[in-house]
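We just call them A, B, C and D in the order they show up, numbering each chain from 1.
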Amino acid sequence: MRKNMLLAGIGLLVSAVPVYADHLVAIAGPMTGQYASAGDQIRKGAELAIADINAKGGVLGQKIKLEVGDDACDPKQAVSVANAMVNKKIVFMHGHWCSSSTIPASDVYNEAQIPMATVSTNPQVTERGLKNIFRIMGRDDQQGAVAGNYLADTFKGKKIAVVDDKSAYGKGLADEIAKALQAKGAKPALRESITAGEKDYSGLVSKLKSAGVEVMAYGGYHTEVALILRQAQQAGLKLTVMGGDTMTNTELVTAAGPASDNVLFTFSPDPRKNPAAADVVKKFRDAKVEPEGYVMYAYAAMQLFAQATEQAKSVKYADLEKAMRSGSFDTVIGKLSFDAKGDNKLPGFMVYQWKGGKYDYVAK
Amino acid sequence: MNVVKNKKWESGKCMALALQQLINGLTLGAVYGLIAIGYTMVYGIIGMINFAHGDIYMVSAFIAVSAFTLLASLGITSVPLALLTVLLLSVLFTSVYGWAVERTAYRPLRGSTRLAPLISAIGMSIFLQNMVQLTQGARVKPIPPVVVGGFDLYASEGFTVHLAYSQLLIVIVTVALMAAFSYVIGKTSFGRQQRACEQDPTMTALLGINVDRTISLTFMLGATLAAVAGVLVTVYYGVVDFYIGFVAGIKAFTAAVLGGIGSMPGAMLGGLLIGLVEAFWAAYLSPEYKDVATFSILILVLMFRPSGLLGRPEVEKV
Amino acid sequence: MGEPVVQVLGGATLADRSKDALAVAFVALLLGIPMVGLTTVDQGGTLQVATRWPILAAFVLAVFAGRLVLRYLADRLGERRVRRERSLTSSDQRRTAGGRRMIVRVGWLAFIGALLLPIAFSDNRYVVDTATTVLIYVMLGWGLNVVVGLAGLLDLGHVAFYAVGAYAYALLSTQFGWGFWVALPVAGLIAAGFGLIIGWPSLRLRGDYLAIVTLGFGEIIRVILINWTEFSGGPNGITSIPRPTFFGLPFKPPSDEPTFASFFGLEFSPVHRIVFLYYVILVLCVLTNVFVTRLRRLPVGRAWEAVREDEIACKALGINVTNVKLSAFVLGAMLGGVAGVFFAARQGFISPESFTFNESAIILAIVVLGGMGSQLGVVLASLVLVLLPELGRDFAEYRMLLFGTAMILIMIWKPGGILSKREPTLRHAREEGRP
Amino acid sequence: MSERQPLLAVDRLTMRFGGLTAIDDLSLDVHTGRITAVIGPNGAGKTTLFNCMTGFYKPTVGSVRLNHPQRGTLALEALASHQVARAAQVVRTFQNIRLFPKMTVLENLIVAQHNPLQEASRFSLAGLLGLPSYRRAETQAVEKAVRWLTRLGLIDKADLAAGDLPYGTQRRIEIARALCVDPILLCLDEPAAGLNPRESAELNALLQSLVRDDGLSILLIEHDMNVVMNVSDHICVLNYGRKIAEGTPEAIRTNPSVIQAYLGEEEDERYDGDKGAAR
């Protein structure tokens, strides 16, 4: 027994001695596959942040090094990536991107005691009582409430349909929008689901047309919205779409053409408008990276890590976790602080609109 | 009072909706049918499921996007001219793909087990998808609308039945292609060789017909039809991505089996049926279970007609 | 029109070879123009064509040179093989006997390697976890091997049973609080039940029709799982699936109740759970292997193979073909379900997107690549198919491209699979030696 | 009296495929302990008759009754094909040999004993556990297979894959495999096709010994007149699905309508047989 204790003690000592000269941090997300553009944004944001932090001398006198994991938004691969990352002894994870990857992977990080900051919006991400997870993005239920309330107020008396693409993200968002509409007495005229990845949504369009729907709240990704808009136009239906944060993707504009001006969506306050972030935005643009979508969030996640580490004076899980939960951090997306579940306390969502290939807060 | 009015209002609209979905379903079905013929021909001649066929169609859609964009940048604005050029280019390059796929992945496996070419085909499908993703990018590729406008056929209580010119184009091209195709299979010497190979490849070879060449031509012909489908879809939906081949491939394969695999009119019929089932199911019942409906119909048909709707009923050869 | 590719026989001259390579390069040019030479890029909301002629030229040149070299090597190898075959026909018999012993030896080596792996990599949870994934696929592969490899039924929807097993365990454990050890056999039985329900109507269909119907059932089950939210959690899936315990002792950080670590006086480490899961599935895999290998030597196993070889002859010998097929299908389904339980236990979270047709295709590829009917072949193919994408992580976007290419190349290299030799289930020569 | 009752009675059997009538109102008796032959030109409906008898086709009209010595009268046309072999013990071979080509000869013969072995393995449980009762059954099955293999001169081929063997050997294996089912009526579809004269003579001897020593009854479809005339006790001649003559070999040999319909073709058939043997 005593021998065991001794061994354990030695083990502890050994593990306390830093093996790596650098602090390893990681990002994980869909670097390949259908949603590769989101992974690309995360990577670009994280790379610049780490360059900036290292230029200022790193954290605790050591440089940060980035590991990149590709889960292709496949839950099975996400667990593999998580195990690989744990094995590389990372001290912080920013990811994953798809909620269905974040959820199984977070179990692994939790077990290995690695703190993580994610942009996944599914409520389940922080509802499972894991202590290591911090969400730097809003939740689908907040998002849905903002979108639903806006629709109910702005399009009073018009027929509103709520549609989703049967993904975890899309259905969650659509359900929350429908709930918010109900609460305001604007019962959705239609509640439908489609299958993502198809090309033909003429059935849905006909149904919307025959029900006299003018506004469609959509939970899902931008690709389908572009197709629905095109097909609605072809069928002579003028449709306004309200979507979620995935609508920030410029592919929507390329694919839907001018009809994209009819797209409203909810997204966290645009970090590019944050005066404190002006320097960083400029830096990105100088590097020919438009700091759209998740770029600034990845930057902020790395800032969160650097500042929490400095506050805790340690990269050990217990210290970091405590620092993150209790502290407050100045990042490019605003002042971050977290509640007991790990959700952030930033003001949630704004309503945006696409106009001529750029998005901005909707004109009141 | 209100209710009664509503009912009347609904019935006129119901008709209009049904008509609209009939148009939409036939358009979709024609595309499925064109792809399904490729499956059925290949199955007929070498008895394998060419899983990469859907991806050939996807490749053709990408070729169409490049060609349309190229023509637009060259300043060619005449729609018929642009369409014809793109069709020709797409057919040309896609048929080379059809030929190359057979030559590299299937021919070395001729005469081996039944499953080896199937796995090779799955590998080829993965390869083509990722090849396109790498060379053309993972982003969706849109083109501006080529064929715009259409007729308003019938209006009822605020619902107008709309037939877009692009839909008309799909139906006309499909019908013309089917006519040309029946001629090729029925009347030309290639058609006779093709049918002979289907019946008995060994005997055909003994009669001095080049079976390899016939099989190659069959793949090219299948690819041609897929290429036309790819161009039409690009025109109709305006958006393509590297994943469309898989979805359309599964549907078209189902159509081929539903119609009776090996039968070309059957493939077209199966395609139209699936297109209609999808269109009506999506409009009247829950679109979530659309695919369940498609597959359930397939399973039911196979239970009662084990060789598909127009397949030759097979007497067990003992 | 002549075929551009001419069959070059041995003793081809350089001119012949370059002509052949030129033809191939021409085809490569045609293939390359639309995909390599041209691409479209998004410029401010509209597409523009971009050309990449230098890359295309390099591609065509590479194909030309590659074909030249390949042809040359193929001819040389062909000559050598012909010479070797001429001299070696007599010792063929001995070679197969040697091959059989080799296979047995490789099997034992693989088993010992598998046994020692967690000890060798005790601090590397990634390796152990990946090995667990390999074993899950081995289990799936053995299940489908009974259906496709032995009974010859083309099943493209095996993922359905994988999903049923995973969901059965997830629901039983989260909704009813069942433990892993009780839920495991029950989930296997539920999957077997689904096999019965799906197999009964569809197994009377002939080969390729069966393929599309099983594919259809696989999709139907997935679509139902997505849409029936009240039952399956819909697209959200099921989260917080309990992990298996060590016969009641959980793998948790030290707390009031006894845990695995405290009971054995070890320091808590999260790797324990992963190693434990690995050993559980290893033991189950060994049991499965023994089970399937023995079944193959029993009447039912021989009947599976007989049905694969000639269904009509089976009927004429009084064998109830439907029952034989159904038994293979149900057994395959059960093993698929058990693999599903392990998948759910490994993930802690399942959702319908893990059970797409792609998964069925991979499992089928494992069976066919490994060599239909070969148990060890399934193991080798699982290793290849799981490790290839994992090792390929460094190749990032080229990973799946290489995966597809490897599938085609292995099939061309060995159309019967890596291990295609069939082992008889009993021998007269040995029977006579019996007392 | 029971001597008079036929073992198998085909009664007014008709089989139509769409517009084509393959068998037209055919009646035929097969008696215990005899070799009955069905002959006729190509396309006369002989194999169709077998298929109707053994459950592969459902006849359009008519019945096929088997008077089983233990199990009473069975309506074969109503039984599924595997039941014909299992319950009625009527076992057939095929014109185009249907072995299990990748399995060894011995395995082929063990598969034929599937039903009793499967019973002995008790849903495979006894087999999995290796219980003595099952092992005994398996040993017996192997013994039976070895007995037939020895008798047909195939014992040295026992461990070879059946599909790799020469044509004539495969024919014998198929007969040996059918015998392992313990038939009371053995239906052979052109067993002499492709055999050389020596093999064909051996076949004659085998058929006669099966009837004489093993108490089997045999129904035979054959083109080889040598075999038919030498071994048959009773011959039935079909043409275009109809029975045109029936009787002893002597009677058939001299029947004018048979000569007209069938024997005119004999030269062709001879030629075919030679070609097959030369393979």
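Just so it is clear, a residue touches a chain if its C-beta (ideal position, glycine included) is under 8 Å from a C-beta of that chain, and two chains touch if they have at least 3 such contacts.
Bear in mind that the values here come from a model prediction, so they are computed numbers and not experimental data.
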{"item": "Contact pairs, highest-scoring chain pair", "value": "B-C"}
{"item": "Chain separated most widely from chain D, comparing mean CA positions", "value": "A"}
{"item": "Cα-centroid distance, chain A relative to chain D, in whole angstrom", "value": "73"}
{"item": "Between chain C and chain D, centroid-to-centroid distance (C-alpha), Å", "value": "43"}
{"item": "Intercentroid distance (Cα basis), chain D paired with chain B, Å", "value": "49"}
{"item": "Computed distance of Cα centres, chain B from chain A, in Å", "value": "37"}
{"item": "Chain C: positions in contact with at least two other chains", "value": "42, 46-47, 226-227, 312, 397, 400"}
{"item": "Contacts with two or more other chains, residues of chain D listed in rising order", "value": "56, 94"}
{"item": "For chain B, residues that touch 2 or more chains besides their own", "value": "133, 139, 142, 144, 286, 288, 291, 316, 318"}
{"item": "In the complex, chain C residues that touch chain B", "value": "3, 5, 27, 30-31, 33-36, 38-42, 46-49, 148, 154, 201-202, 204-209, 211-213, 215-217, 219-220, 223-224, 226-227, 312, 357, 361, 364-365, 368-369, 372, 397-398, 400-401, 403-408, 411-412, 415-416"}
{"item": "Interfacial residue positions of chain B with respect to chain A in the complex", "value": "13, 16-17, 20-21, 24, 27-28, 133, 138-140, 142, 144-145, 150, 152, 158-160, 162, 164, 166, 233, 237-239, 241, 243-244, 247-248, 278-279, 281-283, 286-288, 290-291"}
{"item": "Residues on chain A engaged by chain B in the complex (per definition of touch)", "value": "32-34, 36-37, 166, 192-195, 197-200, 202-204, 206-207, 209-210, 212, 223, 226-227, 230-231, 234-236, 251, 254-257"}
{"item": "Residue ranges of chain D touching chain C (in the complex, touch as defined)", "value": "54-56, 80-86, 91-94, 98-104, 106-107, 110-112, 114-115, 117-118, 121, 124, 127-128, 139, 142, 146, 155, 158-159, 161, 177-178, 181"}
{"item": "List of chain B residues in touch with chain C within their complex", "value": "43, 49, 59, 62-63, 65-66, 69-70, 73, 89, 93, 96-97, 99-100, 103-105, 108-109, 112-120, 122-137, 139, 141-144, 212-213, 216, 250, 253-254, 257, 261, 286, 288-289, 291-292, 295-296, 298-299, 302-303, 306-307, 314, 316, 318"}
